[in-house]
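Each of the next two complexes has chain A plus one other chain: chain B in the first, chain C in the second.
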Partner chain A sequence: MAEAVVSSQVGRSSRALTAQKAPPANINASQWRNALFIAPYLFFFATMLVFPLIWGIWLSFHKADTFGVGKFVGIANYVRLFSDKIFLQSVGNTFYFVLLTVPVLALLGLFLALALNRQTRSAAFLRAAFFSSSVLSVTIVTLIWRIVFIPDFGLLATIYGWFGLPGPAFLSSPDLSMIAIAIATIWWCIGLPMMLYLSALQQIPGEIYEAAALDNANRWQTFRSITLPSIKRTFILVVLIQVVMQFQLFGQARLMTQGGPNNTSKPIVMYIYDVAFKRWDLGMGAAASEVLFVLILIAAMAQFLLTRKRGEN
Partner chain B sequence: MTAHIEIKDVVKRFGAATVIDHLSLSIDPNEFMVFLGPSGCGKSTLLRMIAGLESVDEGTISINGQRIDNLPPGQRDIAMVFQSYALYPHMTVADNMAFGLRNIGVAADVISARVAEAGRMLEIGHLLERKPGQLSGGQRQRVAIGRAIVKEPKAFLFDEPLSNLDAALRVRTRVELAQLRHRVKSTMIFVTHDQIEAMTLADRIVVMNNRKIEQIGTPMEIYSRPATRFVATFVGSPTMNFVPVRVAGGETGGATVTLGDGTQVKTAIPAMKLDPGNFTLGIRAEAVRVVADGQGVTTGTVDVLERLGERTLVYTKLKDGSVIVAEDIGYSRVAVNDTVSLSIDGSRVHLFDTSDRAWHCEEGING
Partner chain C sequence: MTRHFRSWIMAAASVAAMASASPAFAQDVTEISVQRFFGACDADFGTNTDVSKAVGECGIITSLINKFNADNPDIKATVTTVEWPGYDQLTAQFAAGDPPDIVTVHESALSDYQSKGLLLPLDELLATVGISPDSFTDAGRGGVTKEDKIYALPIDSWTMLYHINLGLFKQAGLLNADGTPILPTSVDELLAQAEQFKQKTGKPYFVQNLANETALFTRNLYTYLFQQDSDFFADPTKVKLNTPEAKKVFELYKAIFDKDYTTKNMDYGAAIQAFLAGEGGVQLNGTWVVGDYNASAATAGTALNSGGYAVYPYPQLFGGKKAQYADGHTWAVSNKDDRTPEQLAAIGKFLKFFADNDFEWSRTGHLPAFKAVLDSDAFKALPHRDTLAPIATLGTPLPSAVQRQFAIQDIIGEEMGAAVTGQKEVDAALTDAESRINELLANL
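Coming up: the complex of A and B.
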């Protein structure tokens, strides 16, 4: 009897052991069902990004209008594109615009962030003020700057008038039209770089500055040796974001100058818009879009690789 | 060149809160001074005031007779090691150490010689080209100390430099710091809340509590003659036993105190200095021994045993309910709930009156 009890206990405990030995599910194992977690994102990524990208490339090799996609034309759209002087001019205009805006946005944003990185009420007010323009739509921004730039009775013309001078013809001069658009764009976009820099500056531990103070560093030495290297990554990020954004200039040019005078302020996106949606030459519009895509890619990659290399050195 | 630091009547306020209240202190040349106290007692603030990282609201701080509290931190000729090390993350170890010297225009060959020497002294010579992110906590700590050494300052300030290290490394670094201070002749001020660091490193300890100094003295003075009940509580492990006692008075020689359970203990504290009345008896565990039955002055019931290896701490409850931690040998045979006999060494006790004044045993008085 006693033996029976013992053996039943042994049997029970060995069953319990067997149950414990069952391999636990390895939650890190690669399993297809895990893909469900990223499926919603993957769906939108594919339908909104990958598919249009491939379709755009496919379209750029076809003759296409609003009635449908016609025959395959090979690289004919690209040949037509690069023999179009207006397209080449719009590429040049866009590069000029990027050169006008990105360095100013990157440096002015840094300057504002450095100046306003303090815990005073006036700094908080100014931070909000400089960021507030970012929330405006392009329509409002261009309206404001048209009021400033418009000849004869604009704000600028009025101020020049007080000194008896003729105001500069920002919107109608071939030399100044792109500069006018750049000024409006910088005013509109300065908030984001400033905020990115501010968040980077606030992540630098205060003790490093205290150590630098004990190390006899003056303000310039502190800035150059402590602050700048600490925000290097943010600087690269700001330049990358701005290069990508400013290459896509459209609204400001469309609303302030209509690309004029004489196409001197026409950017690539506006060229694409004119070709695809005014002349309904969708194939050539798609080809121009692909050129813009490659240009942005090259600029962003070059920027990234150059700064990374320098950082490693 | 080493520093004699004189702090006179300094006050520090943050808004309405006073964090240092009319504090004076003199630190001798080449002295290793430790500021010891609990969090928020003002010890780090005092150190930062000496460094120039906090302003002084009242009073003066001077080094070798020259007032420095109005100078910027870099011009005070002092170096500081921060709790978080505060290394420059994008500079190599060598650049971290050289930065302060370059800023004041020291010649490049002098800089490289000093950096190499510090690297050799701290055994980080092979790490000079690495960045702080590639170093372990202990190595970063050495770089931070190296950065201070190369400046050859008049005084070193350490702000809880060991608290970010794990226990084993902390003990090792503590020993190395003790060795370092003999190699580097300079005044050193070390802030800590760890009484073991204070006891092992200091020439003198400043025990601070609640914005003011409780006691200044050598480690053994602080340990054996605590000026206040706070010092007695804060220094020493386990914490000193405190038992309410009565002093009858009318004696000559050592005072006899009566514990709550009626036990009388003859102390070496001069009776004539004491007014009769209620006191608190302070006595460390090492002065209360577990002895053979009937040989002690009192008995207690064992509540808890802590076996530390070389000794055993015996938490006993006396008949009146008061708890005393006694000491026994490592292989103590005592068990929980045993009744044990306790001897009390009357020549190693302290008395505190209700106003926190302390009386200690004196030589020549029989305890």
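Coming up: the complex of A and C.
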């Protein structure tokens, strides 16, 4: 009995010794229970994004309407899609719209941020003013711009009328309709890029600018050698976000021009909406959605890879 | 404080228990959901139950439903107003299994939903409330009958019309001795009169909403194809649009556009404002604005008041059948498994109420869907009904078996709009319209 007590004490003390000698637990070590922290997000990510994505791909290979899935048709929906002139036109329209809006949003947002990156009341007011349009719904935004663009009775037509000139038909001209949508979109979306740039600008240490001033660097040199390199990542982020967002143009086109005239302002999402919900051709709508998904993925990945490569160099 | 709080809680719980247990508290109110287009006008008519005081589609339908709710305290018809025509939303509601009980559907759109088994056949329900399909006009009955069953209650027949500013017609020298307008009887006459109008008034003959518009173009095309006896939907699953008849219509409207005989770049709202402001001689718009335009003409100081307002069916420009495109509005009832007998009875009462009040609805300018109203002195005494009466025989819908008529309307409107405004050659537009529609119909 006594031996047993002694041996158990020895065993306990040796275990304690071992425990003392063992390295402290790595709190960063990968453990399965950590997954619990991301489980809620993962659940919604899987049910709201991954599952619909897979369901959409599956639908795109079926003849399906809004009230049920018909039969497997292989790539027939894709063949129909790429032989549809209106779809190809809507793809071109969407790229044109992205080209019209993204560079302006990226550069104008930067310009506004640079101009308003100061601690004055007027700058604070203007920051709020430029951001305020972002909180409006697409319905209000398009209503405002329709009042500006509407022929004969709109603000623009009234101003042209003062000079005895006919106002440009922004909403019904094939050359101007997409530009009108782009103007409204830039006005609506400029707040976010400006705010992202402002937060980046405010993280640049003031000492660097002081050092540049001591070296007699002029404004352009300071901007080019200090500001731009410091906010490069934010610039890439802004472009990336805007490309993804503007590829998904829908509300503005639907409410301002109905995609017209002659489908010149119909973007891909509106094409998907028309096919799936007006024609009830859900399979073809799903196929068009997958094409849009791939286009956005390519654009985002291309930018990501390009900028990462440059960064590495 | 605690005692007070506790006694309040007890009192509230008692009231809740009594309300759930006692039929007197529960007050058996049967709820039915109603979904409609025709716009929102709650600011003017939100509480009005005197239907005779209401004007326009929105005012009259809002007041009618208010009156139905007031007359039937045991029924609550909850209304959802959707943007015209509301079919994208309705389709999504059906797909989600949550459609409204009663919904406005055009006769031209009924087939889409009926063919999927989404609508309730109404023969039995209408019989229980004493409505016989024999009382419908021929147009109304034809529009709601599918496979020998009644699938909706027709409430009107509508079509497009020539709304005329008589003051400007007088200035243009286009009035007869009796004060009626001189309307064209051929394409050449139309163009000649439009030229004369433009020369004499300095304004365009037509006020049209051409900016990104599809419905107007399509309805005009259908009307003038009917007038040339073109059987373009001989097969309801395949259209024939690349025809000399369709080309004539496209070229007519292109000539009107090219020679500035029409307003351009206006949307629907702007075109109405322009016509009411006296900016043109003829507005191409539907029966639904007759009431509003007549009210404007009766108001001192308006453009229509100074010279007068008249309204006519489209003139016969071609030598074929006397016809013009027409459609109709209906109340359809969704097919639902979980509907109670009380709700079904409430729906029956609602339909009966609208059948009984079809005269009030016909004050909008639409033709009634009931023979008795159409033949009544009260209807005939309404303004302009003498000139509109021929619509009852002229009105011609597309064959009811043609599905996706609203999607087809969009395709024709896009292509015709492109041809008329010079963005596309007429032949190319006709070819594209035909192939796009046939592709759509081949993949239903």
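The working rule: the second predicted complex is superposed on the first by the 280 of 313 C-alpha atoms of A that agree within 3 Å, B and C clash if a C-alpha of one lies under 4 Å from a C-alpha of the other, contacts with A are read in each partner's own complex, and residues count from 1 in each chain.
Operating definition for what follows: a residue touches a chain if its C-beta (ideal position, glycine included) is under 8 Å from a C-beta of that chain, and two chains touch if they have at least 3 such contacts.
Please read all numbers here as calculations on a predicted model, not as lab measurements.
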{"item": "Partners on chain A (chain B, chain C) - clash or fit", "value": "fit"}
{"item": "First, second, both or neither for A:Lys63, with chain B first and chain C second", "value": "second"}
{"item": "Contacts of A:Phe277 with chain B and chain C, given as first, second, both or neither", "value": "second"}
{"item": "Computed vertex angle (chain A) for partners chain B and chain C, CA, steps of 10°", "value": "150"}
{"item": "Which partner reaches more residues of chain A (counting touched residues only), chain B or chain C", "value": "C"}
{"item": "Partner chain(s) touched by A:Ser225 [first = chain B, second = chain C, both, neither]", "value": "first"}
{"item": "Chain B versus chain C as contact partner of A:Asp175, first or second or both or neither", "value": "neither"}
{"item": "Nearest-approach distance, in Å, of chain C Cα atoms to those of chain B in the combined model", "value": "52"}
{"item": "Of chain C, residues touching chain A in the complex", "value": "87-88, 91-92, 94-95, 112, 116, 118, 210-212, 214, 264-267, 270, 273-274, 404, 406-407, 410, 414, 417-418, 421, 423-424, 432, 436, 439-440, 443-444"}
{"item": "Residues of chain A that touch chain C when the two form their complex", "value": "63, 65-67, 80, 84-86, 150-153, 169, 171-174, 257-263, 273-274, 277-281, 284"}
{"item": "Sites on chain A touched by chain B in the complex", "value": "205, 207-208, 210-218, 221, 225-226, 229-230, 232"}
{"item": "Residues of chain B that touch chain A when the two form their complex", "value": "51-53, 72-75, 78-80, 82, 84, 86-91, 99-100, 103-104, 147, 151"}
